Amino acid sequence: MKMTQDYIGKWAMILGGSSGLGLATAQKLAQEGMNICIVHRSRRSILAAFDTTVEEMKSHNVDVISFNIDAMNPEKREKVISEVVNSVGVSAFKTLVHSVARGNLKPLHDPNGSVLSTNDFTLTLDAMAVSLYDWVSAFAKANLFSPDARVIAFTSEGSHKAWKQYGAVAAAKAALESITRSIALEYAPLGIKANCIQAGVTDTESLRLIPGSEVMKEKSIERNPYGRLTLPEDVANAVYLLCRDEAIWINGAILPVDGGDHIR
Amino acid sequence: MKMTQDYIGKWAMILGGSSGLGLATAQKLAQEGMNICIVHRSRRSILAAFDTTVEEMKSHNVDVISFNIDAMNPEKREKVISEVVNSVGVSAFKTLVHSVARGNLKPLHDPNGSVLSTNDFTLTLDAMAVSLYDWVSAFAKANLFSPDARVIAFTSEGSHKAWKQYGAVAAAKAALESITRSIALEYAPLGIKANCIQAGVTDTESLRLIPGSEVMKEKSIERNPYGRLTLPEDVANAVYLLCRDEAIWINGAILPVDGGDHIR
Amino acid sequence: MKMTQDYIGKWAMILGGSSGLGLATAQKLAQEGMNICIVHRSRRSILAAFDTTVEEMKSHNVDVISFNIDAMNPEKREKVISEVVNSVGVSAFKTLVHSVARGNLKPLHDPNGSVLSTNDFTLTLDAMAVSLYDWVSAFAKANLFSPDARVIAFTSEGSHKAWKQYGAVAAAKAALESITRSIALEYAPLGIKANCIQAGVTDTESLRLIPGSEVMKEKSIERNPYGRLTLPEDVANAVYLLCRDEAIWINGAILPVDGGDHIR
Amino acid sequence: MKMTQDYIGKWAMILGGSSGLGLATAQKLAQEGMNICIVHRSRRSILAAFDTTVEEMKSHNVDVISFNIDAMNPEKREKVISEVVNSVGVSAFKTLVHSVARGNLKPLHDPNGSVLSTNDFTLTLDAMAVSLYDWVSAFAKANLFSPDARVIAFTSEGSHKAWKQYGAVAAAKAALESITRSIALEYAPLGIKANCIQAGVTDTESLRLIPGSEVMKEKSIERNPYGRLTLPEDVANAVYLLCRDEAIWINGAILPVDGGDHIR
């Protein structure tokens, strides 16, 4: 059975791991021998499917634990941390992956319809950007990171572009990239390397919520040198690479994983 | 007397105009013939100096009004808007300049000291980034923008770098640039062009609050091709250029105004 | 008659000024009161139209001289320089604008057709990038620049993107931007500020030579927030702004002038 | 013995592999089981050391062949290609790594000393940028690439910065990045993924040729979050990751491998 030597006995925390990029990442890391902790917010309708996937992961002889809670809630976060410290122990986490997608998709300007409120911006920035800092600092305080740990956040080309109805998420992605750089700098004394993966257009549940996502998908396929969308597995593979020992000197980077979309 | 033909009878709103880049901008635009509305939050100790400067501006035969309020307060904002609509009238504003500098300067990680809280991030993001949208949307709703208006926000190299203790402000600057791009796209139907000026290190009150600002200044002088810091007047001059009719096709840009710091 | 005070008695050198962005720039600067020197390579068929345009420029009470030569030829370059020194005198040039578009448009890879040769790359890099340095250094040696002079080169989004058949020009634009930054740094002791304008898709003769330019134009209109192409006048206006005294602190920048294309 | 399954029986072409990043890359890939072909230009004085390193590589049970020729010479290139086709066979190369460092280090402007000539620029651009295309197109014509092959070129922060005496190399690095993007786009039908690694300041022979390299090293250590220079091994590790099957969707990217230098 193929396993990655670097990974054995290590843990990965996946924030937002019930579907899409987060779940694909959990699956890849489990397959390579990493133990998995998933924090997710899943409706009852998808829980059975999620549980099946967890069982598949465990078939790789790894531990998988999960918490179906609101990752934004500070009390819940503290509870997860303390349970993890008890059951997993300190210095166990090789990686923390941020895949939280909870933003308000509305226009900034629409004379006839609903637009983003100040509060929509604040909530989106908190959920999709500041929460990375909240979890990383809580993990650090609880000594959960192993030496040479990896923090990985998912961003998109939207962080430096403008798309209609994507204004709050775009601002959050830009802030998320900035916070990742600050982590890359300030947590270096703990040995943490922090990077963003800029995923191409991926046909996930989160994408389908964006108005006009069908057109986005068509355009992405058209401009991609390989003529296809990004798959969750593509992104999971890149997380895998960034968690390898050989990635020790990659820090503060934004790595496009899109088959080349971003060069068109 | 030298005046810019494009400007006569037009108004500029300066958010954060009591000192630094904002005040220098007000002075330059007044000198070129634009009427000025300043929203500022000034302590009593600097009010006399501010009033003197206002009188100097008026000597250029322009109107100058000011509001000493908290630009973040929604009720105060609405009050300013309604007073401006009454006294100045609709479609009068050629430009809205965002120079709000109110951020928390603390490290992300410090085993022995105070670090940024979630709330510090939220307040900084609201004050230095989301407030741009709040004011632009309020102006648009009140029909205050003239056709071919300009929205200009001040950013810094810190938006895509990492400096210790600057994490919350860096995230806010990244978000501010993103919001400026969204405005550039979504307010195009109103004829607005929105751009950021990326100012070099400028010896303002805001800079002096950053721990290590003396070192930043020395390094900036050292790396600058012209061997000097950026002056508030340099930035004000760039605002002036972006408000000219000839800048009509500059939209969504981040213009470095730093004598070349950013290329070193 | 409207004239820009900064400009009176100053000269602009326009390299590649027989049509497109270069000619529009010459016209704008002439209209604002600057004397114009154009180096161009014009076929006989367009010379009459060019001569008419020169006469129009002169109607603004400015001097206009032109040289119909190959700007790449070192002997011709020296000849132009020495004639200009004689007729115009030293320290007279406020600006040097590089608008040389002479590149090979072929694919890198085509199993069945002609592809770029090493020599195609070399010639394109020389004509569209290195020539900027050749002219700037020759001007500097001959003391032709006035204090606080401006060097401006035209680039495109293609410098950091990949378009089929545009490979050699893309490399040249990337090199041109780099050379502009080196000029911004190394010629600072002479007071020169060097910047690039990143023009949006403009319907010029050069564009029409690019295979698929019709599709490029359609896509540009579609993604532009204002729904139109960039006009040569838009770019000329930006050159005008960068030549103003107020642009003294803009150095080493790449200024997009595209109505916002680059943010989509 | 640890080997990477993806790699067994595959070949890597290293252009410029006698020392520095190229040699470290050859060593890492050999250690992981890839056969190695090195094109280098080595003086007699270093040949003995080079031969010893080759023997060490072979101890990993891989084939290593080398050509001590001028990689810029088209006839020599054709000779290498035809020998490789004969001895290795078609479709054998998983990767082609471009590590050619042969540039002219002179200022653009120096009233009293030697400066870059047009020819210096041309030679540097040819050696450090266009040569990538020459080799990739020759490899493609000879069917040497395996499916899902990787082209990797080494760039530096200097591609988008300006450093004194580095003007020609900076332009070449910018052109190299552009050519890599064009390869990423136009060679997609052959399954090739092309990327650049932006290495931090590495204490190689090439670096020591840059005037002021001691200061560059000091500053790099100072600004690096981990307080050390980039090692050739760090860069070799990143090449290894980009050659893994999991990197299949990384295409056209510029990956910083510098421990975080670029974020300061």
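Labels for the chains are A, B, C and D, by order of writing; each one numbers its residues from 1.
Note that in this section contacts are C-beta pairs under 8 Å (C-beta built on N, C-alpha and C of every residue); 3 or more make two chains touch, one makes a residue touch a chain.
The chain lineup, named per UniProt: A, B, C, D = SDR family oxidoreductase.
Note that the coordinates shown come from a computational prediction; the quantities given were computed from them, not determined experimentally.
Visitor: Since subunit A and subunit C are copies that touch, just let me know if over half of their interface numbering is common to both, same, or not, different.
Guide: same
Visitor: Taking each chain's centre as the mean of its Cα atoms, which chain lies farthest from subunit B?
Guide: D
Visitor: Distance-wise, how many Å sit between the C-alpha centres of subunit C and subunit D, to the nearest whole number?
Guide: From the centre of subunit C to the centre of subunit D is 33 Å.
Visitor: Give, as an integer number of Å, the spacing between the C-alpha centres of subunit C and subunit A.
Guide: 44
Visitor: Using the touch definition from the top, which residues of subunit D touch two or more other chains?
Guide: 160-163, 181, 184-185, 252, 260, 263-264
Visitor: Specify the contact topology among the chains shown, as one of line, ring, star, complete or other.
Guide: complete
Visitor: Considering the complex alone, what residue numbers of subunit A touch subunit B?
Guide: Listed in rising order, the residues of subunit A that touch subunit B are 74, 107-109, 115-116, 118, 121-122, 125-126, 129-130, 133-134, 137, 140, 159-164, 166-167, 170-175, 177-179, 181-187, 189-190, 252.
Visitor: What does subunit B use to touch subunit D in their complex?
Guide: On the subunit B side, the touching residues are 160-163, 260, 263-264.
Visitor: Per the contact definition, I'd like the list of subunit A residues that touch subunit D in the complex.
Guide: Residues of subunit A touching subunit D: 2, 5, 181, 184-185, 188, 193, 200, 225-226, 230-231, 234-235, 237-238, 240-241, 244-253, 255-260, 262-264.
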